[in-house]
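Dropping a structure here in structure tokens format, bear with me for questions.
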Amino acid sequence: MSNYSYIVFIPLLPLVTFIVLGLFGRKYFKISAGAIGTTSLLTSTVLSFIAARQYFFVDGKVNGIYQKIIACKYTWLEFSPNVSIDMGIIIDPISVMMLIVVTFVSLMVHVFSLGYMKGEERFATYYAFLSLFTFSMLGLVLSSNIFQVYIFWELVGVSSYLLIGYYFDKPSAVAASKKAFIVTRFADLGFLIGILILGFYGGTLDIGLLIQKLTSLQSLQWINITTASFLGVSMLTWGLVLVFIGGAGKSAMFPLHIWLPDAMEGPTPVSALIHAATMVVAGVYLVARLFPVFSMDAAALSIVTYTGAFSALLAAVIACTQTDIKRVLAYSTMSQIGYMMFALGVAKQGGENGLGYMASMFHLFTHAFFKSLLFLGAGAVIHLVHSNDMKDMGGLRKLMPVTHIAFLIACLAIAGIPPFAGFFSKEEILLAAYHSNKMIYGVALFTAALTAFYMFRLYFSIFWSKEPTLHHSHGEGTISMKLPLIILAICAVGVGFVPFSTFVTADGAVLETHTDILFSIAPVSLTIIAILLAANLYKTQNNKPERLATAFGGFYKAASRKFFVDEFYLFITQKIIFPLIGQPIAWIDKNIVDGCINLLANITGKIAGLIKGFQSGKVQSYALYFFGGIAALAVIFIYLWK
Amino acid sequence: MILTDFFILLRQELLITAIIFGLLIVKLGKDRSNESILMLINLLLLLNLAAGFFCSTEGALFSDMFRTNKLIVLEKNILNLAIWIISLQSYSWLKTHKHVIEFYILLLSALLGMFFMISSGNLLMFYLGLEMSTIPLAAAANFDLSKRQSSEAAMKLIISSAFSSGLLLLGISLVYGTTGTLTLSELSSQMGHNPLQVFAFILLISGFAFKISAVPFHLWTADVYEGAPIAVTAFLSVVSKAAVLFVFVSILYTTFKSLAELWYNLLFLLALLTIIIGNLFALRQDNFKRFLAFSSIAQVGFILIGISGSSQAGTASVVYFILIYVFSNLAAFGVVSLVSAVTGKEKISDYKSFYTTNPMLAWVLTIALFSLAGVPPTAGFFGKFFLLMAGSANGSYWPITIAALNMVISFYYYLRVVKAIFMDANDKPVQKLVVPALPKLALYICVAGIIVTGLWSSVYDYIYSLSPGF
Amino acid sequence: MSDVPLSHILFVSTALFFIGMYGLFTRRNMITMLMAIELMLNSVNINFVAFNKYLFPDKLDGIFFTIFIITIAAAEAAIAIAIIINLYRSHQSIDVEDATELKF
Amino acid sequence: MNLSLLILLPLITALGILVSPGPRQVRLIALIGSIVQLGIACLLLLDYWHERVAGNHAPMLFEFNYTWFAALHINYHIGVDGISIAMILLTASVVVSGILVSWSTEKLSKEFFFLLILLSLGAYGFFISLDLFTLFFFLEIAVIPKFLLIGIWGSGKKEYSAMKLALLLMAGSALVFVGLMGMYVTTHSFDILQISQMHIPIEVQKFFFPFAFLGFGIFAALFPFHTWVPDGHASAPTAASMFLAGISMKLGGYGCLRVATFLMPDAAHAYSWIIILLATIAIIYGAFATMMQTDLKYINAYSSVSHCGFVILGIGMLTQTSINGAVLQMVSHGLMTALFFAAIGMIYSRTHTRMVAQLGGLLKVMPFISTLFVIAGLCSLGLPGLSGFVAEMTVFMGSWQNPDAMYRLATILACASIVVTAVYILRAAGKTVMGPISDSYTHLTDATWNEKLAATILVMGIVIIGVAPFLINQLITPGTENIMQQVGKAITLK
């Protein structure tokens, strides 16, 4: 077992940056904050590449299987002798893969922000928050303990909250950040209870042990958790489903997706980092992390599958109707994550069946690049146009050639046109779906077509359509903004050729995949048709889109209103919880609980008032009472009391 | 040697008598300024108090008519202390008064009566002491001759006390009739549970209850306290109550031991009634003296609970509490008397924002009230705690609970005064008072007592060591 | 003499006592009330004397007690009357109903 | 280490305040005294470590036993274990920051600081005393200063709140008193350790446990006796609110643990379901009630009700971990609410309003204070890295260990409250420190040195616990184990 302890520095560097910038940033590093953040992150990126090289090519593999390596681990909070929160670092294919993704994309975003956020009032704070997020995300992917996952999970959530609410004087931003946090918090509740269940029955919180105990069919824990049941559902299913709810919240799966579109209120680079590449895939990562356990429980897996598939479809449909480019991208993100989810869902443990798992991870990997590229491109566009709305755009290809090319590549990638990155990963997913569940395969295919359609709708209406309205062109921004686009574009082309299946598989063994042309024909042709349709509709300005929309009629409206999910939630909170639970309780507290106390006092006062007549001031009546007292005592103690 | 016995055992009574005669002589002689007289008197009282602490022995005189022991001497000393403090406090009231000496003669003769009552070994002696301690007080209550209220108070006191003594006498006569003896030591063997004796016993109890103003025999208290001059009120509420309680404890524990089961319940009944009624009435008072009257009634209720403990701790805690009660109550009365002597204000509402003008007096009053309420670290806390502890020794917890919860009500009205003093706004508060030396001394003594008596445990240990078991 | 049984005497004294008490409760004139109290005390005196004479003739406790009661009653009456006079000065009346300012 | 120092020093400080000539000296003396006290507390911690490392496994360390009222078996018996030390540290730090926050008190500053110190004196005495009488003595000492502090220096309907608080707490101590009496009469001892050695008959326990627990529960804002909390906290001056929430509510929790549960474990078992029921109600109910509040102080006060529910819940669940959690929650909540009230006080002293609706965008003009506010908020909604998370998670884990299905349900409900907490905290934060700022606030200034120092102390506490919980966990575990032994005995006795 070789030494990976340097990996500790990969998350710690951003943490240090956060502390430094957070405490002294606004005083001392108002300008240099960006440079500091970027350099520190560059270091950890380099480190993670070193780690990846060491793991994948030097000593990760022991007789053909990639091992789980615990780089370091110490007890953070001990609940009871063997149940404790440990802070550890686990190294296995997915964690290393995530390391690469997070550090690399984050680095790109850091660089991009140098230009994008220049001159911001709270520049240092921005970088502090970015570093905080990077730290938490890295911590999350490296966690060796399920509670540790939860800890960083929360931290990720809060840093996303802070970044969405970065423009804190914009009420919409504040609302969006609040919404994001509360919705994910609600999901996290499920995660927490899931942890409690799994941890209790598994007798440990360590992921490795947990998996080992809950996957061996004769272990005591396994018997307990499968025999114990609540509402006729085994505790295992409960635990896994609850954990998945947590994941669904972070990964914006239906019905917990409502926060993602609003989250676009944050600065665009943030959206690129958090709400496209890294945080939103945390849910997928979580399921993948616990995949061996999930694979033991068909029910939980099927829930994952259908949630994923439905979200993918729903999001794709909605995306076709949105006009805010970031929202379109947001929904496409949701849709792609849906892809990953059901890919996991259809997977099984080991061998050929592990294809879905591998595919999902692969898609996660490629998606990170082209989606962040898309967002950064959109960022560049917004930077130029100062608007998120497609209607204000068009014909920008002349004004910003680099962005245009990069964006095009990204679109092709996400649409899954060979040989761009998206093609390979999507292909695997479709294949996996095809092998396990034809219906899911159908949905996936349709979604793929939709994806191509709305992405190119976006592309054409930004860069073609009408002639550019604005001419006060101050170029497409600094080199620091172009560079990341170029790099990411290269990746979007290149990463597809990574022999992913040799590195990341469900069981760590190599899984040889064969992309046969015959299978690819259907999706690719569909995609191309979709693209042509989009070109036909949006390449030049015309009224076909409107006619199409009216053709769809109510459905179009519903889709453009996001199928009223937001309204539903608003109804629940504003019309049910506040008036029917909150206010009554507040009222009860003020009037009944508190009232009783006051009533007690008043009653005492009243009684005091009532009996004041005894003190009549008439000495004779005093004497009478005196004698009465004696008489009463005499009666009591001579006759009654024995 | 009978004569030395006579002088040693009776020395406290003799001292008081000497002072009374001395005062008479002074009165007959050429008239002096009030200040000098008051100085003299206070000095004498201090000497009297000091003398009490020397050569205290046990013994009996006049064929067990009069008996004394260390505890009784201590009790008498407590009374001496109380009357000294009272006289110090009433300085500013008396120095303008025409009949200083008469006032002292009345109080001292009452005190003398109490002394005899405390050491009485015979119902006759007890009766004599009781009357001797009551009748002068009735006269003293009327000491503000010009005030309507004063004479009304005196009238109420004398009539109701005469009535109660009538009933008491009936009781005694029945006891005599059923047992044929009046000597307490002999009675203890003869009292039984036959109805006539129980009735007689209840009559006796009612006599005591009247004196210590336990409900329902308390109705005279508030009126008399309000009407009488503050000094007399203080005397009534502290000294005469204390004296009767001392006797009450010893008589219950020794003479009526055979009826213990009966009076245990009877006491709890009276105690709860007293606490509750006292509190309820205290809630709605605005006259400070009347307020203190009812609060003192409530206090008596707690004392009764302590007595019902019927144990060495019971006696000790009662005596201990009375000592504390002397300090706390007199501190309160001291401030009140100062204020009313100068401004004539006796209402609680007059004390609004008292703190802004007289911080020192305000603190004294607050500490006194807290001690009455039983807040640590004042001695009152210890006193109440030990009383209830003694009371709960026999395991009757519900009465204890009721008593404890009643402390909450009592808190309310004590804190109401504190609130007035510190928090309520007042456009014309009591003006800044200049406190003469003697009253100030009295206040200091009281506060010191309130602090020390509680925290310094040897006080309690001493009392405990003196007090007899059950 | 001795053919009058104790019970009769006790009956008389008890009657006397409660008559006195009744008087105290009902009469408005303070002096009368005072007299009523005297009545009660005297009934007690009768008790003492009778008990002493009938039950414990060998000791004189009862008799002595009676004497003391009489004395004290005298003193009490003296003070009481003094107070009542003073009350009359301030209230211009010795009706007990007029002296009820202190209450509640 | 002589524990009496912990009582003596405040006493000296208080006397010093009384004799000191002017307001400047007063606050200086108060500050110095409290800081020295904090130092002593830290020293105590070190000594404690040293002893434990040296292998001293006595349940209580630094014991000192002086016979006070021999006739009544009343001793002045003091000693500490990890729990008390944690509490003492909490008290010390809250006192220091409280004094710093109220640095610029003009009105009757002498009396103000005197009462503050007196209150802290009571708390210290309470936490170190091992004799029920002394414990009760100090418990009541801590009550009256609150009454005066609220009534004199408070705001709003202060007299009413002060009176309500004083009376309810007095009712609580009256109940406690009855409980003590019961124990004394059955064991003829006030000594906690002695009583824990001899076993009180179960029916006696069943009779007296409710008294003791309810009594202390009132101090700990046990539902439905919590109504003194909102009014009291809202009317109190900043420092007093900090003391109330930070210290005196902990007296209750500590009492429930050390007296009720430790000395009457059988009854604790018998009644645990009631305790848990009340605690769960308090948690949910408090959370929802908070959601409807519009006044920052009321928000924090009601959330205190909800958070103290976790303490009671942890105690009621009677597992090692849950009791650990209860203690952690006490400490964490103490620091957190103190910080919260401090921040609110700072905001109020500048904007002269506590109404959420009227505030907004303060982050622009007073970043430091706003950051404090947000930190406190995040701590109370249980953000990892801050103390609140550690405490709540420990309570949850511990409660979950209790296998009874109903208890599980209670646990889940308690967990659910963290969502509600998030809602009201974020609403408050979003409206207060974020959003557009109204012009009337644009000129306001940020925190002054004393406020910064005060806040830093509390934040440090919060972060230390949040980042390195294993430290405090090791500190308190021996104490809780000791309590659990009693409980274990009780189970075996059944």
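Going by the order they are written in, the chains are A, B, C and D; count residues from 1 in each one.
Convention: contacts are C-beta pairs under 8 Å (C-beta built on N, C-alpha and C of every residue); 3 or more make two chains touch, one makes a residue touch a chain.
Remember, predicted model here, so these are calculated numbers, not experimental data.
Looking at A-C alongside B-D, one finds more C-beta pairs in contact between the chains of B-D. Distances from each chain's CA mean to the overall CA mean are smallest for chain D. Centres computed as Cα averages put chain A at a distance of 98 Å from chain C. Distance from the chain B centre to the chain D centre is 43 Å, each centre being the mean of its Cα atoms.
Chain A and chain D have CA centres that are 36 Å apart. As a whole-number value, the distance joining the C-alpha centres of chain C and chain D reads 66 Å.
Shown for chain A are the residues that touch two or more other chains, namely 601, 612, 615, 617, 619, 623, 627. Across the assembly, chain D contributes 167 as residues in contact with two or more other chains.
In chain B, the residues that touch at least two other chains are 155-156, 159, 163, 167, 222-223, 284, 412. By the document's touch criterion, interfaces exist between A-B, A-C, A-D, B-C, B-D.
Those residues of chain A whose C-beta lies close enough to touch chain C in the complex are 612, 615-620, 623-624, 627. Within the complex formed with chain B, the chain D residues making contact are 68-72, 74, 133, 136-138, 140-141, 143-144, 147-148, 151-152, 158-159, 162-163, 166-167, 170-171, 174-175, 177-178, 181-182, 184-185, 207, 211. Contact residues of chain A toward chain D in the complex are 26, 75-80, 83, 85, 147, 150-152, 154-155, 158, 165, 168-169, 171, 174-175, 177-178, 181-182, 185-186, 189, 192-193, 196, 199-200, 578, 581-583, 585-586, 589, 593-594, 596-597, 601. Residues 17, 20-21, 24, 30, 33-34, 37, 40-41, 43-44, 47-48, 51, 55-56, 59, 61-62, 64-65, 68-69, 72, 75-76, 79-80, 82-84, 86-87, 89-91, 96, 99-104 of chain C touch chain B in their complex. Considering their complex, residues 155-156, 159-160, 163-164, 167, 195, 198-199, 202-203, 205-206, 209-210, 216-217, 219-220, 222-223, 262, 265-266, 269, 277, 280-281, 283-284, 409, 412 of chain B touch chain A.
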